[in-house]
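Labels run A, B and C following the written order; every chain starts at residue 1.
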Amino acid sequence: MNLTLHVWRQKDVATPGKMVRYDAPNVNEHMSFLEMLDVVNEGLILRGEEPIAFEHDCREGICGSCGFMINGIAHGGFKNTTVCQLHMRHFADGDEVYIEPWRATAFPVMKDLIVDRSAFDRIIASGGYVSVSTGSAPDGNALPIRKQDSDLAMDAAACIGCGACVASCPNAAAALFTGAKISHLAHLPQGQPERKERSLRMVRQMNAELFGNCTNIGECEATCPKGIPIEVIASMNGDFLAASWQERPPVEIAGAG
Amino acid sequence: MATAALDSKLHRTLRFYEATNGKKTVMALTGAALWGFVIIHLLGNLQVFLGPGKLDQYGEALRATGALLWVARGGLLVCAALHITAALQLMALKAKARPQPYVKKVPTTSSYASRTMYLSGPVILAFIIYHLMHFTFGVPGIHPDFVEGAVHANLVKGLSQPLAAVLYLATMSMLLFHLYHGIWSMFQTIGLSHPRYTPLVKKAAAGIAIALAGGNIAIVVSVLLGIVK
Amino acid sequence: MNLNARIPSGPIEQRWDKARFDLKLVNPANKRKYNVIVVGSGLAGGSAAATLGELGYNVKCFCFQDSPRRAHSIAAQGGINAAKNYQNDGDSVYRLFYDTVKGGDFRARESNVYRLAQVSVSIIDQCVAQGVPFAREYGGLLSNRSFGGAQVSRTFYARGQTGQQLLLGAYQALERQIDAGKVKMLPRTEMLDLIVIDGKARGIVARNLVTGRIDVHMADAVVLATGGYGNVFYLSTNAKGSNTTAIWRAYKRGAAFGNPCYTQIHPTCIPQSGDYQSKLTLMSESLRNDGRIWVPLKKGDTRSADQIPESERDYYLERMYPSFGNLSPRDIASRAAKRVCDEGRGVGPTGLGVYLDFSDAIRRLGQKTIAERYGNLFEIYERITGEDPYTVPMRIYPAVHYTMGGLWVDYHLMSTIPGLFVLGEANFSDHGANRLGASALMQGLSDGYFVIPYTLGNYLASEKFAKVDESHPEAVAALAQTQSLTKQLLAIKGKRTVSSFHRELGKLMWDFCGMARNAQGLEQAAGKIAGLREEFWKNVNVAGEAGDLNQSLESAGRVADFLELGELMCHDARVREESCGGHFREEYQTPDGEAQRNDEQFAHVAAWEYQGPNQKPVRHQEELQFEYVKPVQRSYK
């Protein structure tokens, strides 16, 4: 099949970009979307042009590197599918395909389809962990965990940090990403001691990164390649509310005695 | 520390409001209060079907509560002000969070209601101002023949204006959408979500929104059809 | 070259304890005075950087991805082994040790493997405490499964995403240290050279992949945890970015390369569908627990699977290895698949594929049970191939998956360059000639969480460090050399793309240094690779500029190194005149086609020493002592 691509080209973070039209001839239906772009890029290189830069690594839908908008939908809009797992059999001869990077202030475009998602790392760094230094752990079976809780933790922990939730959200909110980590740890006994502070810190970091505000629209959940439900956002909201309510005024610490 | 620190000199209430989640909670709680008002307002207005005297009596009774009425009005005003302020701030944040729009963006599963809250909100606000001028203050030129205290007659005359009736009907449909998303969404915002109950909440929200908007629409339509005179 | 493995003396079960007592400690107040570089942020690198940060060292951690969370460890599906014996089914530290040495076809160092088995227990505890959501039973305790031909259930797992969950645990620990200011993370930064001063590793040269700036980073010790080099085959299950550059350039600075030819070919991958194919996708080995592998009895049988009656099917693994059947170890299952396809009995459009059939299991257990067990894998398969494995048997074929070879390290995980430590898949240490399923995650975390914190401290406490900075002549020279290499690549402006060279190299490697190798083919391939390398430096076309985010340039540098490594792999495979584990020499097989080891001549590690460009490297040997597990022929019949 032959396709026409409209691709966002941008030299670097400081230079404005624009859509550029490319032909993608002889596309095989068994190719993945990224393999189709590989072939287009080979052609560009041989013509002395710069290939289209896009982020990718594992190409099996787990590393979270890849992702861009295809025809206005993050990852192309097939259920639980990242761009690297999207195959060309879903397209038809003659299709026009619009390819754009994630757009958000918190995700500046670095080149073509590549954006900087380090804001996600900083959200995790602000509290998305259990403070347990190596060597201080009790036996793995010391704390039984209800299977249902463990499963719910796993559902939330499946997040690959690709950024599709932010990209799809009309508000450019990172609530699904942040909520997923808060919810993952909130379902486990290991996550309890820091649960309250975690929600306060992660929400505040999410705000500091200039993500928008969640208005419960649900586009994030629809395009999340791991099918993470917006229930995790409610979980974050509840924790934040409880933690804010219970936050105690600072106490002066008595001198060492 | 590299990331946003936990300590702050801000008062904890302000600190709470500073976060998007804080503003959202304020929107949910004030939204709930305004929703309560919509219910009471409709229940009051439905008395129009009980004959001309009833509504006038109800109006009289409300006015007779004196200070209490002003407390309620004041409360509603504060709620509306907070609801609007938070909405404006969040709208500003939305604009800041994605200054460059997509060349192409297609919504997938989200509801029309959820995507148009920032539209239905201002429409409802504008309507409330109009509505107050129409029936509460009876501003000349907006209401054709306003008589202080003649609630029933004012209503019938006011809604008999075709343009006004159309405006009411159009806004009520926006109210329906705003209420539907607002009602189920407030549960989500305060942290209540469950795969079993959330679908029920959504259905209930839809039912309540339809009932509330439908009730108001019924009044307008009844006046237009001459059922209520 | 000194290949002293520094193995502690005494009974094997006491060696690690003894070592830990003998190792020197760094005074807690002094730890912050030491700078440590960790390259790579996967299970080994991420856990090492986090743990060293917790201990108080100043750590700089590098990864080429945009975030440490994306390292390729994330793609491991199946699980992680640990000798917990929670199932009371006869497991023990000793049995895990024994299985690993035997599974590695008696080409691993016993003491390292024993330590690995010992430490495995603590890994699970640590990960659970971090909040890794391992699968659990209804009683709330951890669930286990048997994996990859093991006779006991010792594999812990988190659905089909164990690697992801373990990596996120390490990543979160790492982010915690980043927030605390103990680790400085440099993502999108690729190591391009090692700086050796007075014989010690003292820093690296690295390129910022966004700005193109090449900088020198100095330290007191360098830890490489940069993963495997399976992408030398172009098509592999590795991530596209996985590469050999860090360890290869360290090799060129004097670190010995151990057993480069040991490559693991994973039996259950989705077959290649065309020339445009960019990578192969693994289907978890757990599928072999319920799927039956077969091909038609007749050559060139083009009927669809449902048209072939039971009597005309060859369930060859069940036939050849009755006691292990479909669960035979990876190397054995892979070779058997190649053999039946070479006989012309392969299935699918290319004839390079065998059926993995679930129809019996669906009949026996019901579709619901199968969906519960493998639903997500079936979905992946359908997404890629467009076929529904509930109704049509899956087609699978072996693919390069893991490299057991890597930089040679001693018991302390230190390479032949003092101060250069190598962890995880990047080193050669624990898996011998074949790695058992669910052992890679175990090794990465063992090295990072529990070994390097001790052995690195000993190194730092034992040595005196001269003050050196970026202006040291060695650093200046290494920087200049890297910069000129970059310029050179961009200046060629030839007629072929980087990936066309990579593809050609991959095909040579797969055909001659893949599942089956022979002397003639290896010699031929080595020559062809040298020729291809020569052409590369004359005729490659690298797009773009040096001072920019330039993916062509990144890939050109990596392929340039693969073109050198490929040749070394062929030499190593040529010289090892025996078959063992993943290394199968056609000349050395038993009458029934099994690998024929030669313990008298080859019970050693081959460690190659670089001699300069286009010079033949020198092969050194570290003899392996088997005091506990006596080498026997592996039999899975």
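Criterion: a residue touches a chain if its C-beta (ideal position, glycine included) is under 8 Å from a C-beta of that chain, and two chains touch if they have at least 3 such contacts.
Keep in mind it's a predicted model, so treat the numbers as computed, not measured.
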| item | value |
| --- | --- |
| Chain occupying the most central position, where position means C-alpha average | A |
| Per Cα centroids, the chain farthest from chain C | B |
| Separation of chain A from chain C, taking each centre as the mean of its C-alpha atoms, in whole Å | 27 |
| Whole-Å separation of chain centres (CA-atom averages), chain B against chain C | 61 |
| Separation of mean Cα positions, chain B and chain A [Å, integer] | 34 |
| Sites on chain C at which at least two other chains make contact | 178-179 |
| Sequence positions of chain B contacting 2 or more other chains | 2-3 |
| Per-residue overlap in chain A, given as positions that touch at least 2 other chains | 125-126 |
| Parts of chain C lying in touch with chain A, wherever the complex brings them together | 47, 50-51, 54, 65-70, 72, 74-75, 84, 86, 122, 124-131, 133-142, 158-159, 161, 164-165, 168, 171-173, 175-176, 178-179, 185, 187, 210, 237, 239-241, 273-274, 276-279, 281-282, 379-380, 383-386, 449-450, 453, 495, 497, 499-500, 541, 543-544, 548-549, 551-552 |
| In the complex with chain B, residue positions of chain A that touch it | 6, 8, 19, 69, 71-73, 77, 98, 100, 103-106, 122-123, 125-127, 168, 170-173, 197, 200-201, 203-208, 210-219, 221-223, 229-231, 233-242, 244, 247, 249-250 |
| For the chain A and chain C complex, residues of the former touching the latter | 11-12, 28, 30-32, 34-35, 38-39, 42, 44-46, 48-51, 53, 55-65, 80-81, 85, 87, 89, 110-111, 114, 116-118, 120-121, 124-126, 128-141, 143-147, 150-151, 153-154, 157-158, 160-161, 184-185, 187-188, 190-191 |
| Contact set on chain B toward chain A in their complex | 2-4, 6-7, 12, 15-16, 18-25, 90, 93-94, 96-111, 114-115, 117, 181, 184-185, 187-195, 198 |
